[in-house]
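Across the two complexes that follow, chain A remains constant while its partner is chain B and subsequently chain C.
The block that comes next holds the complex of A and B.
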């Protein structure tokens, strides 16, 4: 009995302590988002007090020196660039993941997977430089002329392409894992009925993997919203609402990165930039909440 | 009653990487009978079954040689069309794997894949085969519910209906009752006995008593080799090989 007590007590104390510490850390991490939102709100309060919200969100007039802060060009810039990136990335990534999961030999899969993951580790500034050297001239000399319009090449399209490539690894990696997690027997059940491989993928595997694949895409898009450096280097940074993919744009993250620390002598400017950060954070939050609730519904309907 | 051969296997050899899984298998499976493939686990029963509908193709590192004749067509011929071969055989796995869709769509899946589109015909097919798998009365009111909402035993019967709906001539079962409760197993067995009037049934089982109850014809594999095959009565009452005698007595397993 005494022996038992001696060995048990320190173990139990450690166990208790470990549990409490981890709980504390988890709560702190979860609170961080809330703290950030409150902090940004307090910082952006001056500009929110002196301007109406609808003016800030829906005006296209960005003239900080005259005290006019219309964020619409930046919000639209973010949406355009992200939208183009999604349109390019989603089909390509899905087909790649399907190929690797359903068609490729396991040896091919083991080779290609790490290569794709390496893409994720390349610093975004490298993507930016590559975009300036390859994508921008390509758009200026090949894409724009073939549509008979002039473009400097620094455009929504350039940003979208660079961004698409940057979110490839996340989407491919996660959807590949999800597809591999579909039990082989489900495929066999379909194949045994005389379905072709493509029919099986389309009607059974993708259906079963849909919630996970959707989550992969959401993850990619969330990353795309906030990506700053590479995009900033190729989109042109003109504060006007883009009308086509060949127009330049000025996404929210680029606005903050380009101006913070430099233009702070202008009254209310720092407050406006904090508001930009707050808008970005809220857009991402809203997007995550909406997509998550859609996911839940989808999951329930197919199972 | 005459014994027409439905599936005939000639010199079948299967290698998996460096392993010789099936060795010179020669056997024949009679038409419209229940054939049980028995033997201890790891003896190649499932591999043999999977070579009948070429699902074995999807395993990496597998080499198959020899001939498997179904209706006098060699299905191992590289030129043979796989989807056509598989359409001839319904497959039941150890655990039921309903497709991620409604009960109705599960049964209609096969016919749709093979080009049937009219709602009326599909309705008729779904009802007919759910009845054949003796599931209709339990699900007629909730055909649009997800198949995963059914009990395990019901799911297995749904899988049976799904397999029957492509109108195969052969039903393959890979230990089809091993995940089910006794009552559900019994229902599946009863359905099999009913179905053998119209279908050739081949089941893999490691339950000797199940083979005794169901089988008309028995194939006994041991470590990748065919030890003995023959009509069930002879096999169980008058085994020719000493190994068979020991296995039946439960001395080896």
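The block that comes next holds the complex of A and C.
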């Protein structure tokens, strides 16, 4: 053994070196999240030092030129748009996931899944273009008049519809996996007791898959939270707290993306925008950590 | 008894309706982009840069954005492979199987994968300020590389996990080191799967706008160096759509069509490759 080690020294050294370098890379990459948090925090420190956190989060006064940075309109804009998207997406996605998992012929499933993958791959700007060409005019000419209100079409509802389509793939994909992970014996036991298929789904499969489905929805929410370009293009970008789904809104990501050019000329403005990015990052991290933990537990319970 | 089956039928109908609705939203989006973009497609569109003035010129095409996007996404993908492949190899070959550390890394990459691109853009921008860099091809490459790194690591990782452990052991038994095993056995065996992962990451990189809006800038010309600003297809769509000149908007629709076609080709190629995730079937 000792003899071997001596003759193989160059190869062993190479192996050890490669191992150390790769370990370093792995640690660095895995810690990227922390580096991002620290970087954004340092950049947003000036605005955090000169304003109280409650003022930043709960004031509606957004006047960067006077040094007032109230994020409430943007936070509310994000919540409204995400809320609408979730209300539209969740029922449709769950029905589709249940259909594909419990009812559909395997050939149908093999056809539909790639299509949903394609939907997931479409760039967000293309969704935005579609939203501007189809959804916005539809809301302006059909939806708003039928409620006897005027709307330019650029609204929370437009953003919500576009976002809903964008988060379809995430929710369907994850909940499909969770549903497929419910053991077949459980279904058979229920069917053997005389339950119909739907009763089995409702009372047995869904109940067992509930935590995973919840995780899928939370992943969808976090995806919707951070989506930028498509929403920015259809939501109107008016910094006021929206009062109905036909009002325009101005979500946080849109705020960051829209102001990149003017950032450096106004004092504290760049710092405030980095704070917006930090808020987004922290909220999304929280959501992701929660849903990933649930999914990890689901995965373990199967094995 | 009857009511139970009525409910069954009702929900089955709703399910099929939901599935059809979701599929038709995809079809509707693709059709809209196709019908809007097709009239503006011409040879000039893909072989010329915009002519006649900053952003607003009516003539020319979008060669600047096509090439810019390919340079940027290509560079970012290379950079991400350079960092991502070693990380995935470390997690599967070098570390003990089932190590806690590896689980923690996977978790971290999964979480990182959910971070929106605008945050990567903002973070990339802070790095650029730190190094006193201006919006440039290099800045965009770094931001996109960071954006696609987690998904690339995780998808290569999933492929490497499928490589049978016996194969590694056979290689060790022949006296190979872990490094040699990683390069000559694991990477070779998993090559088609790795390429699929790389293609998917490239597709995500080429379609992203929010991460490059601060970092890569925009220009009407084709970038000659890494330190010059670069145009990208997504931003070409976004900026030109906002200009109230029909010809310029036409360029935006053509860009949207070209970007969509590129993405479809990439995902088709990835799908064909994914049919054979490994080179040799080991039973």
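Simple rule for what comes next: the second predicted complex is superposed on the first by the 255 of 303 C-alpha atoms of A that agree within 3 Å, B and C clash if a C-alpha of one lies under 4 Å from a C-alpha of the other, contacts with A are read in each partner's own complex, and residues count from 1 in each chain.
The rule we apply is simple: a residue touches a chain if its C-beta (ideal position, glycine included) is under 8 Å from a C-beta of that chain, and two chains touch if they have at least 3 such contacts.
Everything numeric in this text was worked out from a predicted model, so none of it was measured.
Engineer: For A:185, decide between first (touching chain B), second (touching chain C), both and neither.
Structural biologist: A:185 sits against chain B, while chain C stays out of touch.
Engineer: Tell me which partner A:199 touches in the superposition: chain B (first), chain C (second), both or neither.
Structural biologist: A:199: touches chain B and chain C.
Engineer: First (chain B), second (chain C), both or neither: which does A:290 touch?
Structural biologist: Neither chain B nor chain C is touched by A:290.
Engineer: Residues of chain A touched: more by chain B or chain C?
Structural biologist: C
Engineer: Regarding the shared-chain residue A:142, is it in contact with chain B (first), chain C (second), both, or neither?
Structural biologist: After superposing on A, A:142 lies clear of both chain B and chain C.
Engineer: By the touch definition at the top of the document, which applies to A:207: first (chain B), second (chain C), both, or neither?
Structural biologist: first
Engineer: So, A:277: does it touch chain B (first), chain C (second), both, or neither?
Structural biologist: Second partner only.
Engineer: Shared contact residues on chain A, chain B side and chain C side combined as an intersection?
Structural biologist: Chain A residues touching both partners: 196, 199.
Engineer: Mind pulling up the chain B residues that touch chain A in the complex?
Structural biologist: Chain B reaches chain A through residues 53, 55, 58, 60, 83-84, 86-87, 89-91, 93, 95, 97, 99-101, 109-110, 113-114, 146, 148-149, 159, 162-163, 166.
Engineer: So in the complex, the part of chain A that touches chain B is made up of which residues?
Structural biologist: It comes out as residues 105-106, 183-196, 199, 203-204, 207-208, 301-303.
Engineer: Mind listing the chain A positions that touch chain C in their complex?
Structural biologist: Those residues of chain A that touch chain C are 8, 11-12, 14-15, 18-19, 21-23, 25-26, 29-33, 36, 39-40, 42-43, 91-93, 95-96, 98-100, 103-104, 112, 114-119, 121-130, 132-134, 165, 168, 172, 196-199, 219, 222-223, 225-229, 233, 253, 256-257, 260, 273-274, 277, 280-281, 284-285, 287-289, 292, 296.
Engineer: Residues of chain C touching chain A in their complex?
Structural biologist: Interface residues on the chain C side: 4-5, 7-8, 11-12, 14-19, 21-23, 25-26, 28-29, 32-33, 36, 83-84, 86-87, 89-91, 94, 104-105, 107-112, 114-119, 121-123, 125-127, 146, 149-150, 153, 177-180, 182, 200, 203-204, 206-210, 213-214, 234-235, 237-238, 241, 252-253, 256, 259-260, 263-264, 266-267, 271.
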